[in-house]
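Chains: A, B, C and D, in written order; residue numbering restarts at 1 for each.
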Amino acid sequence: MMDYTNQIQDIAGKLFSEGKIDVFIGYRNTGFDTNQVPALITHYKDVDQLVFNEKSDFNLTNYLKYEHTRNKRIGLVVKGCDSRALNLMLTENQINRDRLYIVGIACEGVVNELGGKAQNCLECIMPDAVVFDELLGNPTGKREYKINTDVSELTGKSLIERGILFEEVFENCIRCNACRHSCPLCYCAKCCIDQETSTLYHGANTTSGAFHALMTWSLHLAGRCVDCRNCEKACPSHLPLHLLHKQNEQVIYENFQQHLAGMIRDDRGAFYKYSLSDPDDFIM
Amino acid sequence: MNTKQITKQHDFTIHDMEQLLIPTLCKIDRIIQETPDIRTYRLKFKEESLMERFTWLPGQFVEFSLLGSGECTFCIASSATRKGYFDCSIKRAGVVTGDIHRDLDEGEEIGIRGPYGNWFPLEELKGKNLLFVGGGIGLAPLRSLIQYAIDNRNDYADFTILYGARTSADLCYKDEIKEWQDNKTLKVILTIDKPEDTWTTNVGVVPKILEEVVKPAIENTKVITCGPPIMIKYTILSLKKLGFADQDIITTLEMKMQCGLGKCGRCNIGSTYVCKDGPVFTNEQLQGLPDEF
Amino acid sequence: MILSCNENLNEMNLITYITDPAGLQKFYEAVISTHATFAPVETFGKFDYKPVTSLSECDPGSPVPLTRSMKPLFFPKSAKIMKYVTTSEGTAVSDTVDDPLAGKRVILGVKHCDARALQVLDHVYKWDYLDTDYEKRRENTLLVSVRCDEAARHCFCTSLDWDVEHTDAVDVAVIKGLDGKVYIQARSEKGTLLLEQHPPGEDDTSGSSAEEIRKQYASFAGSFRLSMDYKTVSAKMKNSFDSPAFEEASSNCISCNTCAFVCPTCHCFKISDEKIRDEGVRYKSYDSCNNVYFTLMAGGHNPRLVKYRRWRQRAMHKFSYYKERFGVNLCVGCGKCTVSCPVNISIFEMVNQVADTIVTASQSCE
Amino acid sequence: MEAEVNDQIVSIEKPHLIAPAGWQPLIVGILCNWCSYAGSDLTGTSRTQYPPNIRIIRVPCSSRVDPWFIIKALQTTADGVLVSGCHPGDCHYITGNYYARRRFLVTKKLLNFVGIHEDRVQFSWVSAAEGTKFAQVVAKVTGDIKKLGPLHLYKKENRNK
């Protein structure tokens, strides 16, 4: 099992003592259970709170979009998937690379609530950080793309069965927007779904509102989602949100030159480019 | 502020429907363009008999709903002593107010819930000198009280109205202000922030004029002020400098409200619900509240 | 603090029935067959109160904490307020069709904290203006609780201003005794009537049940991991408005609304219109003070634009403002917000952290 | 149960939901200004008949169509959506429809994935000269959606009553 607690504490301590950063974003133990909370450390003295092990599952790049990291020099711990999100944020000019000191991790996978390896880690394409100033662990390189079993299982079912499942999903959504707030790539200052001035606005927490919000959200993330599963872990209703993202990812991978989000710097999302040979047969 | 101080709702509501959140339909009788971005909507109930039953006191507000856009809180800008209608002055600022300005014409229907909130302490004001200090759209709640006081002129002693706006075009209720100026029992002082060619009287922000021109007597005087937050802040400072006591300064608070019933939690400042315990507060009460407005 | 009504309850001769687990199942089945029933149903790996028609669909004894409370049954996530239609003759506003939650119903498997939350909510819904929808739902509902037999990781109900053991918030309490027997106790008139309709076992005439019920409580009362000195904390929270601890404690909050939406006592809502062509519906839906746009005013002024201000509002509303106003604490200690929080922020931890800073401040003054 | 205006979402194609007599589908057509809209114009001026079920929205380019528009149309009143733009290579903005093409594929697949029949959301390339093609496309989409019946959206609460 991976544990880079000491290394990260050393790195953060060094960065603080050299005055290179204002805030270090890592994980700390909650102090009352085995879970971890993201910690935004601003003082050298708090550095010993930092931990990193297989329970460190939250994608910390999410904090780069909030006000207290704005215009600050930031130290940050990223796993493989997190670094892909960070790569996209850099590509989309959301954050200046000069302000970041990135501690990359060659991740061995995080655990889920039950203690087993998380599903996205089993299907992980790139466990090593792709953008970093310093890399911890032994890089194992890019892996083969695996089709999500949940998605393929559902695709095998009939339209009606899928409809019934998703009706249940949308019905159980309470529209707390935790999925959106925990997604590092949902950095818009005000989400289009919340634009009250828009005629497309739907404010009520109805089933139809959830359909409207979740579908729009997942399509705006299509070709950009890095499968960190922050949204799914955040969902208080435990909705299988990965289904929507993985379905999009699969369609994009299969049809658009095996595009995977955030693998290379300056490679924008799948919808920001095109190829003359893109499939056209579904259009009349 | 403790629960005992909660003012009991004025013994009238227009809710014939059980659900408190359902508005009653009103027709727009007249639209008066006060300034480039403020319009006054003169409203009458669609069901005329309701108009007689609808009474309110100066300082109370209503929830104005443009069906399809949403609800907004506006104070009633006219006095119940002027029967048969009520006014809401609306400044184009946000989503719903933008829609109101764009979509509503005379004769169209809107929804009204109310009246909600407390009112100016009319009993306490009796026999006192009244000094009104208003800025911009902030004259609207004051207008309700001014009209009320003019109609009960004998109850009150001296009357001074100080009203300021950014430019002369931004002054609301121009016709009515003329009436007030013609009324010999009132003293009206107008001011604008920057000099203009056609403007012959005072120039300067409201607190400055208050200190330099109005120089109000402190004894037996109550000040009622409303305007943009920054104006209220400096007006209160000026008033304190002039020697006014906290309980003699009365203001109405602006806070996001949605239900008007003390349920939705939006206007909650400390343990106070602005929509129920307010919007009229004395400066003394305001100082007991956390600084969140 | 023991509520005064509890004392009355103790004086009242509570009818207690003694039965065994099989008898309890029979009792549940009988209730489901005669009443419209809601019970915890497992959906997507969590328990949520749903209408049920047979006992096999649900699990009344579901473990604590349920990730959802029964708040949606009284204050649904989105309720229609009214409908309106615009025609050439004018607009017609109408009440919505019948409220699906207003009918007579029984809720099984209620946790005591959730039931207490309803008592707390009564204050805000019934002050001054009466929320008739809420009142109707409340009146027509009979709560059958199952008393917890363990404390979950984030529970801290025993530290607060209500009594888990003697609560009168439920109508019927089911207590699984340590001796393998099940004690079913009526705690209100409504509950007595239900038990008379479906007597679940023998009436306890000897009075031995009281001892067993106490024993069951004692068996888990000590197992609470979290405990605090409520009186001190709430007294300190009163003066904590300017505490710098809020800023630090809320630094990793991501400003989603999860905590408020799952909280059994949070009651803020927004009103939104959905209009298509000439017809529209007005909805009342959940909203939360953690939402940036919650207090955004039309002119662009927002008193709680900064995150720690919103957290301060939340924490102080729970532990200070509401108590000042209505005399009860707005937090019931169920721990649902902590369980659901994407970044595991604990309101217990937050409040204690803030209260700690107040200690040091007052001490340094002295 | 009378139709709740705004509660109608994604259809589940239940066999028992047969279109009521006299029912006509409502199709939202989102057409690009430069080709398809001109094409539909030509259909009209050349008096070619096509089903009257389509309501046309004009957008500058097919790449202006955010998937959100399609979802919102389905969420509210539409039984189907037709999006149409210039042929690849003919885009007024040179490459707009290449970008749009990618989005459309993913949108269509995702909607199908959550239980909306593929035929409910259709796409076409219609140039300004193809008045006849536009009529054929509308006829085909209308026919497809008539076969599928009205879009009974995710609204269990209403269906149960």
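The rule we apply is simple: contacts are C-beta pairs under 8 Å (C-beta built on N, C-alpha and C of every residue); 3 or more make two chains touch, one makes a residue touch a chain.
All figures in this text were calculated on a predicted structure; none of them were measured in a lab.
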Centroid comparison with chain A (C-alpha atoms), farthest chain: B
Chain centroid nearest the full-protein CA centroid: C
Distance from the mean Cα position of chain C to that of chain B, given in whole angstrom: 39
Whole-Å separation of chain centres (CA-atom averages), chain C against chain D: 45
Where chain B and chain D are represented by their mean Cα positions, the distance between them in whole Å: 50
Distance between the centres, which are taken as Cα means, of chain C and chain A, whole angstrom: 32
Per-residue multi-chain contacts in chain B, two or more chains: 70, 95
For chain A, residues that touch 2 or more chains besides their own: 202, 204, 206
Numbers and ranges of chain C residues touching at least 2 other chains: 270, 272-275, 280-281
In the complex with chain D, residue positions of chain A that touch it: 151, 154-155, 159-160, 162-167, 170-171, 192, 200, 202, 204, 206-208, 211-212, 215-216, 218-220, 222-223, 243-244, 247-248, 251-252, 255-256, 270-272, 274-276, 278-280, 282-284
Touching residues (chain side chain C, partner chain A) in the complex: 43-46, 48, 67-68, 77-78, 153-154, 225-226, 251-252, 254-258, 260-262, 270, 272-274, 281, 283, 285-286, 288, 293, 306-307, 340, 342-346, 349
Contacting residues of chain B [partner chain C, same complex]: 2-3, 6, 9, 17-25, 46, 65, 67-72, 93-97, 109, 111, 229, 254-256, 258-259, 261-266, 268, 270-271, 276, 290, 292-293
Interfacial residue positions of chain C with respect to chain B in the complex: 81-82, 84, 86, 90-91, 93, 95, 124-125, 127-133, 241, 267-273, 275, 280, 282, 284, 287, 289, 294-301, 303-304, 309, 313, 317, 320-322, 324-326
Touching residues on chain D, where the partner in the complex is chain A: 6-14, 67-69, 71-72, 75, 88, 95, 98-99, 101-117, 122-125, 137, 140, 153-157
